[in-house]
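Below: a set of structures, written as structure tokens.
The same chain A turns up in both complexes below, where it pairs with chain B and then with chain C.
Showing the complex of A and B:
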């Protein structure tokens, strides 16, 4: 604990650790010092001069955002000179500001409006013409309105320091200053939109949201991003049943202030013109739109018929559906249809890790560990592309705690810039490269190991043995691709393991085996697209697909049931680090149903009793029966992340590294789903160099 | 982009003059030295400097557009800078600047047709004690009068 310093702010005696900035010490004591440019976690700028305070024995007003507390310091934040200066500063900031609040996106949630309201003078002495520049579009999603900018440098800093991209700068000087993009007239960057979130005014605006509505006309629904497995919270702005924007102004998720392009803009797949809104049945080789009751009845009848004659089912679950849906699906398969032929597309060998750790519950890392652990080893993944939150937290760790990062990858990665060591190695040689770092790694106090699909099967056990041999505490993250890839495994969408990695008797067929089988009677695909990668061996198989779009798999189906998207559902998902979080339905698309309801209705049609198909009921069942999911309800209910832990001894399974293949998504691709986001594809149509490091 | 051996040696010395992790400090001197040789800050030069220092080009642009002594177009062989900031103004620096305009037949940041001279009205250059002051390239001239200005320019003309 740092030494405490005594000081007085507005007559109140306050203690703060040495090195604390006056603005933070005041905030902690409940005294607000207004500021624009100061932003916790980023470098100090002292550009806006809003935080000027009076300090006894100092000749001039001091910027509270750069002044550390001192013993015996006497600070006044509301004295006459301070109040007068603040009014003048706001007058300066508004000198060139267009005051177009009635049409500005930020109107109603603008820091400049709030400050003018609270501290402003209400009039201006400037009679000069305002300096104007035209609005510019820098990318499909980023627009810049120069006159509104107050030059706080927040966007420049978040892009440099937070993202490690450095796509923004400020050119010219004085009132001529302008924010500028890195590629002359446009941005060559991650398109994360962090600059838009962090902008205190309406200078940077979002391509999906600008001029479409007012903040107070929307309902703000916090849910979990539907794309990668990092589990970022995105706040969806909803008007009626339409999602207008995604952002992260509320910063309450495990992602802190971070959100990438997918969470912020790619919700637009929901309203893609190709979205299925009616059940389809194949009649004479052609799809016909049918009613829900007819389609469900046909599916239930077929399932019952095949079950009664002892036919062969194959069931492919999803890495994007909720835990409740996945749990109910495997229950349907095992109890309802009497088969273990259930699997999903596996992108990381979590099973092997669970096995290798042999019940050591403290060896599975949480997302918070990425930010706090003193050293990290990244193996075989380009995190900035595939897991942008983990990459962001590693950078923040390095910036704030000087955490050491070691990267063992095939090609160059963004971590190279600050890594303690970067090692290039061919695929399959990762463990040897890691061995080469032994001396350096064993000198660390603790280590976080983040590994992609390069380490799978027996290699996972070898990696854990390497970790054990270092003699320091080691935690692991096994990277997986999609929003509920981890949950799909935890919930037992596996032919040999039930929920909680409990081995089943009579293991069923794996996904490739189902696809190759020539005698499969029914292929039931819930939210997956196996036909994009595999041929279907059984030409006579009856295919039922629950899908949002007419994917390769849905096209081959005999019955297509249009499913709701993750942003239209309730339920929970589990991220790459095993944190379980609740989805909140934001939008609604007429004609679609959540997968859980579809499962329940088919079960009902077959006369099966698999329990009530409401997400809260199924979640209760998961909490009671799935190992590691007995998590506190208040944490889930209040929108926080609850840590699950499925570890309990060894998992006796045959390693199947051949089944594990990450899709290797970039920032702008996300398997089949990504193809239906116009915002994601529009960026790909105009590629820049930074997209790959 | 490569520079003359002399400049390369100078740049190498420069890059090694700062503590580890502070390479960015070399930015302004590197821009000034290379501008002297190249004639102006061209887009290629911006990229080269960014590459050598290891920063994005936009961060070089920030500096180039901020400092008035960094020019994106070539200036004259003799770049005449006249201060009209307070101390020099009190000693008729503004009249001196007007005189220079007439004498050279050009205005602020303009270049004579023969490329020999360019003129710039500059802010304080730290020579207040000897106001009014002018600077020609890197050379200072103190207590400058109109007559003295004529002499300086005429002597430079004879150098050609």
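Showing the complex of A and C:
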């Protein structure tokens, strides 16, 4: 702890650690010093001059955002000269600012409005011509309205420092200054939209949201992003039952400031024209729309019939459905249908890691560790593409704590820019490359190891042994692809392991085995698309698919049951670092049902008693029965993340590295789901050029 | 090229070689005492050099007037990082043209000054940042630097004395803001020329975050003569609190405009009437700006009894500045003058901070309107008020530079604004009261 410094702000005695900025010390003490350009965590700017305060013994007003606290300092934030200065700064700002608040996207949640309301003057003395430039579109999702810009440079800083992209800069000078993409007329960037989130005014607007509604007409629902496994919280703006906007409005998730393109814009898959809104049944080789009751009855009847004659089931679960749905599905399979033929698409060898760590406490890292641990080793993953939040946290760690990052990857990665060491190696040679870093790594105080599907099977054990040999505390993150990939494994969507990695008797068929088998009677696919990669060996199998779209698998199905999206249901998901978070239903699509309800109704139709199919009931069962999931309810209920710890000794199963294959998604792709987001595909269709709708 | 014939009243110290044939060549320089001070400084310790500069009472000639010796003393003696010498040749202050004369006619004097400064602080490299519009001076400087390298005054093991020093030229792109020291450093590093947050000051973290001595051309040019004469003797040329001579650029409505080297404390009256040959056409002096357009404007009556030095000007409520004296006679339209000055600052504002970016642009528009005689008395108040709101609140001194002359013109020449408004009958949107009143 740094030495404490005594100072007085507005007559109140305050203590703050040496080096604290006056603006932060005041904030801690509950005194607001207004500012536009100051933004915690990014470089100092001191450009907006809103935070000028009076400091005794200093001749001029001082910018509180760059002034460190000093012993005996006497600060006044509400004295007459300070108040007058604030008023004049706002007057200057509003001089050229178009007062188009009634139609501006930001109206109602604009910092300039709030500041004018709180600190400004009621009338303007500016009667000259306002400086105008036309609005520009920089990308499919980012628009820039120059006149509204107050040039606080937050966007430039977040893009440079936060994202490590540096797509934005400034041209011209004086009144003509403008924020401009460094690629001149378009953004050559991640399309993350962080610049829009951080913009205090309506200068940067979102392509999906602009001019569609007013902020106060929406309900703001905080839920978890449906795409990658990082588990970012996205705030969905909902009007009626329609999701209109995604952003990072309350910044209360494990992602802090961060949200990428997928969490912000890609919610549009739920209103894709190809979305299924009615159950389908194949009649004479053609799909016909049928009622829910008819479809469910047919499925239940088929299942009961196959079960009664001892037929063969194959069940493929999803990496995007909730823990509750996954748990219920495996329970359905094991208890209801009496089969262990259940699997899902595995993208990281969590099983091998759980096995290798052998019940050791504190060896699985949480997302917060990525930001705080003093050293990190990234193996075989382009984090900026595949796991943007982890990449963001690593950059923030380096910026704020000077954390060292080591990258062992096949090609160049964004981490190279600041990495303590970057090693390029062929696939399969990662462990040798890591061994080459031994000397440097053993000098670190602690180490976070982040590895992708390059390390699987026995290699995971070797990696953990390497970690142990360093003689420093080591934590691990095994990267997986999708929003609930980790939860699918934790919940036992595995032929040889039940919930909590408990081995089962009579292991069933793996997914490739099910696909290759020629004697399946029923293939039941819940939110997955195995037929995109595999041929179905059992030509006579009855296929039931729970899907949002007519995917390759759904097309082959005999019954297709339209499922709700992650943004339309409640439940929990577990992210890549094992942190469990709650989904909140935001939108609704008529004709669809959540997978859990579908499972429950089929079970009911079969006369099975698998328990009440409400997410809270199932979650309670998970808490009681799944190892590591006995997490505090208040944390989950209040929208925070609780880390699960499934470790308790060795997992005695045969390693199957052959089953593990990451899809290697980029920022703009995300398996089958990504194909149905027009925003994601629009960026892919127009790489590096201005999108013209 | 020289602007003007020398005046017999000048004390020619820095400019003594100016006017000699081929004065920019190293031959002329060496034949007339060039690099002798540098050779002398090689015999001195760092402390001795800095002490001489402190004794000389030399104050920065760029405009701010910070004591040079003290500035050099701020550099850490021991530093793991390299130290740099940076020359501010971004002479952009309206009314100022002295650095140009020095570089054009005696570039070796500047090189010698840099060498001595490098000796004083232990720097091994230096950069001369020349404003974009002075591109032609780059050729002169590069030629001089080339000559100095070939004669062994620059490079490795200078004069066989084990001293290394490299000197480079760098051209700006034409931004007034880059004359501000931290913006200059940003620009020199290849970034957008915007000022930095200070502290840290350049003496601690300047060019590439390394300890840096950054002075004006004239300041460096004064150093050789300080070493030659001794600091105390040099100080004796001027007045007690401000040593030596100062290059004064007489511009505006005087008969003999030009650059003159005058000792500090030189009376204004003598400067205008004897050195400058009096006001054009024998008219009255209406306004006087002592050191470039960023200084508060004095009326003729205020200016006559003053002397050209830091304290005298400060007492009169203005600044000695860069030495760019602007004299305006009674025919001058002060509203137009205010507009012209504001036009410059609005054009040059870098756009970094709000009060300067918005304030200069607003004032320019407002003054344009007032100059056309459109407006009300309230608008005149507004000019002063806006200038006041900028003053002391901007990120760097550019905002003050714009506000100070404007505020002083409104205060001292308000009647001219009012007279202009009184002549014009025009519909004015006076939003503050009711729309469209006839004034």
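Quick note on the criterion: the second predicted complex is superposed on the first by the 688 of 693 C-alpha atoms of A that agree within 3 Å, B and C clash if a C-alpha of one lies under 4 Å from a C-alpha of the other, contacts with A are read in each partner's own complex, and residues count from 1 in each chain.
The criterion applied here is as follows: a contact is a pair of C-beta atoms (placed from the backbone, for glycine too) under 8 Å apart; a residue touches a chain by one contact, two chains touch by 3 or more.
Predicted, not measured: the structure shown is a model, and the values here were computed from it.
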Chain A as common anchor, with chain B and chain C clashing or fitting: clash
First, second, both or neither for A:180, with chain B first and chain C second: first
First, second, both or neither for A:93, with chain B first and chain C second: second
Partner chain(s) touched by A:170 [first = chain B, second = chain C, both, neither]: both
More chain A residues in contact [chain B versus chain C]: C
Touched partner set for A:654, first chain B, second chain C, both or neither: neither
Partner chain(s) touched by A:123 [first = chain B, second = chain C, both, neither]: second
From 91-99, 109-117 or 217-225, the chain C stretch with C-alpha clashes against chain B: 91-99
Set of chain A residues, in rising order, touched by both chain B and chain C: 169-170, 172-173
For the chain C and chain A complex, residues of the former touching the latter: 175, 177, 192, 197, 346-355, 357-362, 365-366, 369, 382, 386, 389, 392-395, 429-432
Residue numbers on chain B that touch chain A, as the complex places them: 55-59, 61-62, 65-66
For the chain A and chain B complex, residues of the former touching the latter: 166-173, 180-182
Contacting residues of chain A [partner chain C, same complex]: 44, 46-50, 52, 60-61, 66, 84-85, 88-89, 91-93, 95-96, 123-129, 131, 150-151, 169-170, 172-177
